[in-house]
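Could you have a look at this structure, given as structure tokens, before my questions?
Note that the chains take the letters A, B, C and D in the order they are written out, and that residue 1 is the start of every chain.
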Amino acid sequence: MQLGMIGLGRMGANMVRRLVKGDHQCVVFDRSAEAVAELVKEKAVGAASLAEFATTLAKPRAVWLMVPAGVVDRSIADLLPHLEPGDILIDGGNSYYVDDIRRARELASRSIHYVDVGTSGGVWGLERGYCMMVGGEPDIVRYLAPIFATLSPGRGDIPRTPGRETAGGTSEQGWLRCGPNGAGHFVKMVHNGIEYGVMAAYAEGMAVLKAANIGTKAAVADAETTPLRDPEHYQYDLDLPDIAEVWRRGSVIASWLLDLSAAALIRDPALSTFAGRVSDSGEGRWTIKAAIDEGVPAHVLSCALYERFSSRGEADFADRLLSAMRYEFGGHIEKPAGS
Amino acid sequence: MQLGMIGLGRMGANMVRRLVKGDHQCVVFDRSAEAVAELVKEKAVGAASLAEFATTLAKPRAVWLMVPAGVVDRSIADLLPHLEPGDILIDGGNSYYVDDIRRARELASRSIHYVDVGTSGGVWGLERGYCMMVGGEPDIVRYLAPIFATLSPGRGDIPRTPGRETAGGTSEQGWLRCGPNGAGHFVKMVHNGIEYGVMAAYAEGMAVLKAANIGTKAAVADAETTPLRDPEHYQYDLDLPDIAEVWRRGSVIASWLLDLSAAALIRDPALSTFAGRVSDSGEGRWTIKAAIDEGVPAHVLSCALYERFSSRGEADFADRLLSAMRYEFGGHIEKPAGS
Amino acid sequence: MQLGMIGLGRMGANMVRRLVKGDHQCVVFDRSAEAVAELVKEKAVGAASLAEFATTLAKPRAVWLMVPAGVVDRSIADLLPHLEPGDILIDGGNSYYVDDIRRARELASRSIHYVDVGTSGGVWGLERGYCMMVGGEPDIVRYLAPIFATLSPGRGDIPRTPGRETAGGTSEQGWLRCGPNGAGHFVKMVHNGIEYGVMAAYAEGMAVLKAANIGTKAAVADAETTPLRDPEHYQYDLDLPDIAEVWRRGSVIASWLLDLSAAALIRDPALSTFAGRVSDSGEGRWTIKAAIDEGVPAHVLSCALYERFSSRGEADFADRLLSAMRYEFGGHIEKPAGS
Amino acid sequence: MQLGMIGLGRMGANMVRRLVKGDHQCVVFDRSAEAVAELVKEKAVGAASLAEFATTLAKPRAVWLMVPAGVVDRSIADLLPHLEPGDILIDGGNSYYVDDIRRARELASRSIHYVDVGTSGGVWGLERGYCMMVGGEPDIVRYLAPIFATLSPGRGDIPRTPGRETAGGTSEQGWLRCGPNGAGHFVKMVHNGIEYGVMAAYAEGMAVLKAANIGTKAAVADAETTPLRDPEHYQYDLDLPDIAEVWRRGSVIASWLLDLSAAALIRDPALSTFAGRVSDSGEGRWTIKAAIDEGVPAHVLSCALYERFSSRGEADFADRLLSAMRYEFGGHIEKPAGS
């Protein structure tokens, strides 16, 4: 079928490529004429303006927005004058599901259908397919099914879950209508919240492995520092790339994130090209807010988020207050860095 | 080659089966004559006593212990009179690596070699193979390589990690000598620590999804309870089995634990056969102790452990003290269960 | 000066009492005529309706609302027809500061001044005075200073903070204009967030003390349970009431919450009258949301909140999923309660 | 009575001063002759060697060790040849209670009594008195009661806990025999664990207050960063010294640590003399190990400990692995510091 794509960054462009390869027609627009030209070379239909974009699309139009979460509302406002009742607007970015609920309501008043799609797969999606979590009206989502079917990974050679034989539905293909508007991004939000937690679990564990030789290092003994009681228990120089690799084979913690960790570690076991300033991009935060609204404990997901904050120096003032208190009650002077 | 196996529980028996299928000779012993008889039917060589077990094995003997961590020392003590210098004793259970260090030292004084093997794979190991993390003398581990090669999953159809082409070693086969004695169980310990964290990440996230319909439920408004500000944001009845399934396909959080979650959820979406009393079996605790000795932050792994403690009611006294304090300063009366 | 008080629950009534004792005139209203009558006996001026309440007050009226957070907006709506430009409306309850910002803006359009007051002190405020955190226009807050001065504890016999001699301001009296509208409840919100964290620290520590005799109890040894390695290290039957008491004298962790814990523990060392279902009343949740918006790590405050959720059974589904995963990968059966 | 003191650092010297002022006779020894001379000026009896120290003391000797935890065993070994059956050895430092249990057993075999004293109060103890948690034989502790009575703060003007009137015991004086050997340091250990948690609660809350003006700062909008949704909610420039001060008066979170925070903040609101590298000195770590052995959840106390680790850069490797994973799955490049 035909799909219009606005936003030809890494994600949007690759989605167009996968759709074109799947024999869909893609009409594409981006603020960058260069980005449009690039995809026209790969059989997409380019548009030089939103007006041209809208004219080129058959009605009812199906338009997929793939732009940063912060500019979705502006993009919709720009596009809206060119749309008509019955058209479908799909937000495939990282929107907050609360915005989906609002947008769907606003667009419904103009008889435009809104679909929110949470997309996972990152730079690997072109090759592996995108896992998509969809929110919207059942009929509209069904109408778009050919698009989702092409973008998604499909069943591939992933073994069937026992008990799934008669379950039906699209989840085995790698896409799912999760519910009404917002449900797609809600599920994607939690997906990312989990992602933070899983990543942190590996990172903490790997850090424990890396420090397993701490007993080989000289220690100081003063009132400020506890000497390691049993240095003979921490004499291991462990090979992290090999350990990540062996865990990929038959261990309980085999996962795609472990695959990626193994790849990163074999390339550079010390990870020296990274400074350890870890970004977070919204979904992790929103997951915690949802957990709190729901009254659901989320210890692990919260810690994973806060560790990212801390990695960027955001614990700085709190830490200084701790040092200040220690100075006040015990006269403890901060030890200088490196000691 | 030949291997003696002591302890024919679920794990030990399946290992014997996999070894026999791989054309190794297995001499087996268990306190339960029935367990021995069962494996004799499957081509293992049975022994009615430790003495017979030792006599039957060719020298140098290679003996694999697969017994609960709490009885390893006793098992070694029972076996020791039947062993001779040059023999090899392998502990494949869930020992604390600190015990490995001690045992290796004690056995070395009798010229008996000790090998510690952390084994992951659970009930699936018979079919998938066991991921093994090994600690011990390099020569001895190399001598046992045929055993590890058969027990491990091998390369299978798991894609090669980019950059691994020239790396060599055994990790791609699913087993690895991690270092000297204790290193095997140390790495297995951290593996389980990570396992707890990863499991908790999924569990918390799924719980957030499950409660996404909380806005549909009536709420009370009193000084003790905060009303949900935006009930319209929590109107989703999400299908957890479908969501677990869709995440298996192309999402960033695809993993074996997710596969298992999907299987559990399709069978019983409410998980009503479980009460939620989650056991922990040592490695998670030891991981935290190691992190603390090393001075490595382990927020996520600790929370995952504590959530298990809490699930078994171990936060009870602390919670009562919180209620008591609230009563003291604010006259707050506990709300009864169910409200 | 004169103040109108709406809402004569525990907090509102005691504030009136303290104000009357401080020679202020209080006009009081409550939905319960009984509550009004009670305070009329104690020299307050009663009003039978909002209309009478408004008529009784001199202009510009100063009206203090002391009602549950969930009904503040409705109370304002009811009162508004009776107010005039120049009047002052004070919300002394547990409002979300975000609502203060909105309300102040709405009321400003009618030339009514809004003041938000976060109040700490609970049932003890009548005797000790209330610690008040105030948000609002500087002139208006200054106008109300006599009220705050009476309600607050004053300097009392609390030693002066070194360095405070020339600092000026009202904070030493126990009340403070923190900033523009919302600032009062923002600071109170964080106060409560801290309160949760401090309470949890004591509760966890006390629980560790209580379990210090765990080595005296028989333990089971199976594959599901780690035996305690050193039972001889956990042989202490500690006297919690005495320990709480001794910490009140010269220890680093002396505090009012510790005083209250000591009082609760001496009355009932086992705290058997509490079930351990701990409520949370909004501020703790909002503190975490603010921390997340600000990108400030709040590990401790979040854990303290989640422990309360868990105490009410809200971790139940997550725990069941953990048990389900353990069953899937290891065939682990949940141990029954009490084992 | 008479007491020998070994170790005349800040803590030991001040204890001697307080004892001398309380009309006890103190015989003092330190490796530094200068430290001894200093106290001789203040009416202590100096000793130039351990032999002289032992000779000077009347029998049975009561010797208090006040040395760093790491050198206690060596100090005991040095002293032991000079002691005789019936003598009493008191460890007043920050020993691990597990060492107390061992030492008490060893010394008992020579008929020397061992007493462990956990001491809280820091540099303020000279003036305020020391809160002491004591472990040892009941008779021996009772014999030393005059020493504890002088060192402790006594009842002072701290209000009596309701219900304490008939309770008896010494806890109201600020010292307590908690149980047999090790119990003193066990309780002190948990005291410090709680201390970490309480400090962290204030630090996190203060950090949330400090960042309450984040909405006034320009934000970037890109795919890596979530824009602050409601900058108008974060427009507060809060005065932290004033807020700490106001909370000292009638709030629920009034405490000695808050008093100290107020003092630190009034002196330097930005705490710019501290770098935020927070030490931890053993007890916090041991508290978590005890919690884990006991199976008691200790979320808050653990987080507080890990925040200190992180403040010293110990999360570095884990953070780099997180960035590496993000790069692998999403091509995310780390944002440079300051952005």
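By our rule, a residue touches a chain if its C-beta (ideal position, glycine included) is under 8 Å from a C-beta of that chain, and two chains touch if they have at least 3 such contacts.
This structure is a prediction, so every number in the text was calculated from the model and none was measured.
Colleague: Does A-D or B-D have more contacting C-beta pairs?
Modeller: Output for the comparison: A-D.
Colleague: If every chain is reduced to the average of its C-alpha atoms, which one ends up farthest from chain D?
Modeller: A
Colleague: Taking the mean of the C-alpha atoms as each chain's centre, how many Å separate chain A from chain B?
Modeller: The mean C-alpha positions of chain A and chain B differ by 28 Å.
Colleague: Using CA atom averages as chain centres, what separation in Å is found between chain A and chain D?
Modeller: One centre to the other, that is 43 Å.
Colleague: Just curious, how far off is chain D from chain B if you go by their C-alpha centres, in Å?
Modeller: The mean C-alpha positions of chain B and chain D differ by 37 Å.
Colleague: Residue numbers in chain B touching 2 or more other chains?
Modeller: Chain B, residues with two or more chain partners: 122, 124, 200, 202, 204, 207, 211, 229, 252, 256-257, 263, 285, 293, 295-299, 303, 306-307, 310, 315, 318, 329.
Colleague: Can you list the residues on chain D that touch chain B in the complex?
Modeller: 252, 285, 288-289, 292-293, 295-299, 302-303, 305-307, 309-310, 312, 314-315, 318, 329
Colleague: Sort out for me which residues of chain A touch chain D in the complex.
Modeller: So the residues of chain A in touch with chain D come to 9-10, 68-71, 94, 96, 122-124, 199-200, 202-204, 206-207, 210-211, 221-227, 229, 256-257, 260-261, 263-265, 271, 274-282, 285, 299, 303, 307-308, 310-311, 313, 315-332, 334-337.
Colleague: Can you list the residues on chain A that touch chain B in the complex?
Modeller: Those in contact with chain B are residues 97-98, 101, 120-122, 124-125, 128-133, 152-159, 161-164, 167, 169-176, 178-180, 182-183, 186-187, 190-198, 200-202, 204-205, 207-209, 211-212, 214, 228-230, 232-239, 241-243, 245-259, 262-263, 266-267, 287, 290-291, 293-301, 303-304, 306-307.
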